[in-house]
Amino acid sequence: MPSVLLLSCPDQQGIVAATSAFIADQGGNIIHAEQYVERPHAGTDGNDGSVFFQRIEFELARPGVTHETFLDAFQAVARQFEMLVDLHNTAVPVPTAIMASKQPHCLYDLLTRWRSGELPMDLRVVVSNHPDHRDICEHMGIPYVHLPVTKDTKPQQERQVLDALAEHGVELVVMARYMQILSDDFVSRHPMRIINIHHSFLPAFIGANPYRQAHERGVKLIGATAHYATADLDEGPIIAQETAHVTHRENVAALTARGRDIETVVLARAVRAHLEHKIAVHGHKTIVYS
Amino acid sequence: MPSVLLLSCPDQQGIVAATSAFIADQGGNIIHAEQYVERPHAGTDGNDGSVFFQRIEFELARPGVTHETFLDAFQAVARQFEMLVDLHNTAVPVPTAIMASKQPHCLYDLLTRWRSGELPMDLRVVVSNHPDHRDICEHMGIPYVHLPVTKDTKPQQERQVLDALAEHGVELVVMARYMQILSDDFVSRHPMRIINIHHSFLPAFIGANPYRQAHERGVKLIGATAHYATADLDEGPIIAQETAHVTHRENVAALTARGRDIETVVLARAVRAHLEHKIAVHGHKTIVYS
Amino acid sequence: MPSVLLLSCPDQQGIVAATSAFIADQGGNIIHAEQYVERPHAGTDGNDGSVFFQRIEFELARPGVTHETFLDAFQAVARQFEMLVDLHNTAVPVPTAIMASKQPHCLYDLLTRWRSGELPMDLRVVVSNHPDHRDICEHMGIPYVHLPVTKDTKPQQERQVLDALAEHGVELVVMARYMQILSDDFVSRHPMRIINIHHSFLPAFIGANPYRQAHERGVKLIGATAHYATADLDEGPIIAQETAHVTHRENVAALTARGRDIETVVLARAVRAHLEHKIAVHGHKTIVYS
Amino acid sequence: MPSVLLLSCPDQQGIVAATSAFIADQGGNIIHAEQYVERPHAGTDGNDGSVFFQRIEFELARPGVTHETFLDAFQAVARQFEMLVDLHNTAVPVPTAIMASKQPHCLYDLLTRWRSGELPMDLRVVVSNHPDHRDICEHMGIPYVHLPVTKDTKPQQERQVLDALAEHGVELVVMARYMQILSDDFVSRHPMRIINIHHSFLPAFIGANPYRQAHERGVKLIGATAHYATADLDEGPIIAQETAHVTHRENVAALTARGRDIETVVLARAVRAHLEHKIAVHGHKTIVYS
């Protein structure tokens, strides 16, 4: 199973050469590498403020070279270029929780993809404020934590959710149409580790009832947006978006039904990109490697 | 060449029967009919406040029945159901003006479609605040009215534009990336007779520089919206929208270039729908017949 | 719940008037009507050989008028125009069987849509040549008939399948990636009542292993096609098709995984159109009402 | 202006390290690099028969290092890895000819994109077997070579076309719906230097009248394919494809009109990829860098 190295650093000459030479020296075999330079001023080619990003997928083939020894040895390169470095072992899938409310479409889709081996996800637990999905989850052998919530019990319930996530060693939280707004505290404990699906093409129709808003405006397309949750609601870094054509014939209920298909597809796409370590976050934007 | 009847009235039983019986009585042959009922409250099936819309494409085949006699006779039906009625003769294409500024993509695309006979448009004149497109227009035999504009001369220039439109008997104005904001007075003289292309997926990124706004937000889709111009800028009834996937690699210039293709396609689609009498406006929304 | 009338007959003047007047006479309220005239020779406007199709969705509101009395009374109109007539009561969803093999994606998607009430389907039974999906089906309360098959037992197994379908009163069979080729006899017993999903954009890549064929040809799009099964394999009337962009990076396994998403969406779209009585078949082509 | 290095060689460890170290040594700054390994047997990770492809976009910044000295010095690396090497200077756009027949849509679109500076194309000449586009081409300052053709004069006409291409120093030929079949001899003189647009989603509907074939089959999508011309008609390496949804309502003429928009977009996309040196050909397939 290959390893994935995610890098970022101030742009300068020689980074690609240094990293690829290092990997070759360690007996590693590069399967795929992709880089990107964010230039703060479009059209400017100088290095002033430019940031270099790279994702390298490679195989460690030499006996004695492990992820630990590799990462230790790489520190010299990292220091030289002032890199932020993440090394992922794709043999170890990401421990993940799915949070859902009453609506099943995103949850069931992720369960099906996980069960068929399509998503490299170590699904540890499903957390919900509704009891509805217990049977299906337990049938698939996934612990189901039912934590009902009211206005009054919201802080306590959130602490219980946090406890459940911690207990199961979760590193990624997927909000599969979980209809409760998370507190800033909750979100800030999982920076870029919570993926949410918003049921509109952001930044259009921010907030509640986007399909009703879309219907009232008379748009000819509806959309969905998967993004990392941040304290600033609906302003988190966007990972994936999709739209579908609609007509005047579709009322709010029809838009909602059609939207479910888009939400499902977009959330799965974003979750897959995260699980495959293909996302880098820069400010409030994402780099999604291909 | 067929005729097109566009109707709207309060919904009630028997409208379809009455209109189709009338057309049969007049010896007309219905080629295509489509209707739609706008129900103010989704899910409510009662007639309270519901509005009926219909588009009927038919051929007048009986000697002696003309558009005039047909429309005269139809008044009885129209009165019975309190209909608003438009009858169009598709043998007479709509007298049209295109307004453009420096950017050629939408203008050239419409010219090409018009010249190849693809659009049923009686193109009377091209009006621009730039001289750039005179050669190509005159080469194609279309009068080119160059009316430069500055902040100070804006009111006078707009009057000159209105004069040019009136002189050429124009009934539809297509704003093919005309980069001047029209005054409320100008717009109110051509209700639902001015089609504009906005270079974003409305209502996202209203206002200036939408591709820069899109880049700054880090969206994964860009879009374009064709709509009727109303006094309330970018709030007019939407006719057509389209989006395209983009990646983090695309800077503002790249987004702008990709956006041009979407703008071109969406504007042409909206103009075609108008020219084929397939649009009904209801409040600030459109019904676009298929 | 509305009724749906599906008609076809030789084209002539007055059909729309006759049907809509009849419905008004019976106290019915037309919600939506759509018609289409297939002209054998494009551009010819005469009636010679043209066929008229219509779908009318209407509500029977008058006491004493039932589906039976309506249909009886309609025979006079039907005879006059030599119509083929189908009347459907949408209060009675179509008794349906799903057939699947090992792959779960289409099956689970249909189950989820059915369970959430999104599809007007009376799901009676799931038939499979594999035991894998018994748990999930029985958990949802659907009988699961496991009928393994080998080359030698194929004729007997098909008879058992037919028996199971008959026993459950099935009117629509959805082949959700059922990987056995049905005999001509089986197919001919359910004309336009078996929907199959083919994992390519037909007519490209007919036959086995279309994703391998697509990879070998180096296409930049893959697709899926939902169609009615006919004796002539992969030649049945097409109901819905969809494609997705792919790149040189995607090997056969990746194309197959991406294809699953398209298959799922296209099959659901086709099944929904059938269940909503929106499909008319004419020769080897479909009319899919909007 | 950056340079583009296109490489291919048998896959082995250390190629990325060697090329990036070489560029760093020469004082070059890598802007973007992308590689791909074609493995003949999907799922096999060994190097047996695997081919490595790379595209590196970089800037030569050191005084004294020119394209010539760079390429000379690179031979040592190339020999070591048995590389095929192409070095392109993006400051020198590709000398290009467009060939067209009567239909204007692809030709006009390319002209508009060229004129607006959107395509890095050194447009030298337009060749056509029809006189129709002379005015517009000459108006834009492009030589127009009108070479009519009949069955009898085909060989002579083709020689005249070849002469015109040679005279204008053309390196890329874009067949913008040029409706004459080129001889094997013609094609073989420009290997992977002729881009053709086929008006179907290949490999469906190979040959003449694809829109008629599509209509007869009753497909729900139509498509277009841009590919390099090879002696084996419609079998050349595919560069780009696109599809659009169609309905039963669209007759052959309507499909043809809708198809024009797809052809235009797909051809422009393929031409741009070629002009930006983003295409590598491997056997009868393309690698299109992102």
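Think of it as A, B, C and D in the order they're written, each chain with its own count starting at 1.
Heads up, the rule we're going with is that a residue touches a chain if its C-beta (ideal position, glycine included) is under 8 Å from a C-beta of that chain, and two chains touch if they have at least 3 such contacts.
Being a predicted model, the structure only gives us computed values, none of them experimental.
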Review point. Based on the averaged CA atom positions, which chain is farthest from subunit B?
Key: A
Study note, to complete from the structure: Among C-D, A-C or A-D, the pair repeating the A-B interface (over half the contact pairs identical) is C-D
Point to revise | Centre-of-Cα separation between subunit D and subunit C, whole angstrom | key: 41
Check your understanding: Can you give the whole-Å distance between the Cα centres of subunit B and subunit C?
Key -> 36
Review point. Out of subunit A, which residues touch more than one other chain, so two or more?
Key: 36, 247, 249, 290
Review point. What does subunit B use to touch subunit C in their complex?
Key: 13-14, 16-17, 20-21, 23-24, 27-37, 45, 59, 290
Review point. What residues on subunit A touch subunit B, complex-wise?
Key: 36, 38-39, 42-43, 201-205, 215, 217-221, 223, 237-243, 247-249, 251-253, 284-288, 290
Practice item. Using the touch definition up top, name the residues of subunit D that touch subunit B in the complex. Key: 103-105, 108-109, 112, 115-116, 118, 135-136, 139, 247, 249, 257, 260-261, 265, 268, 290
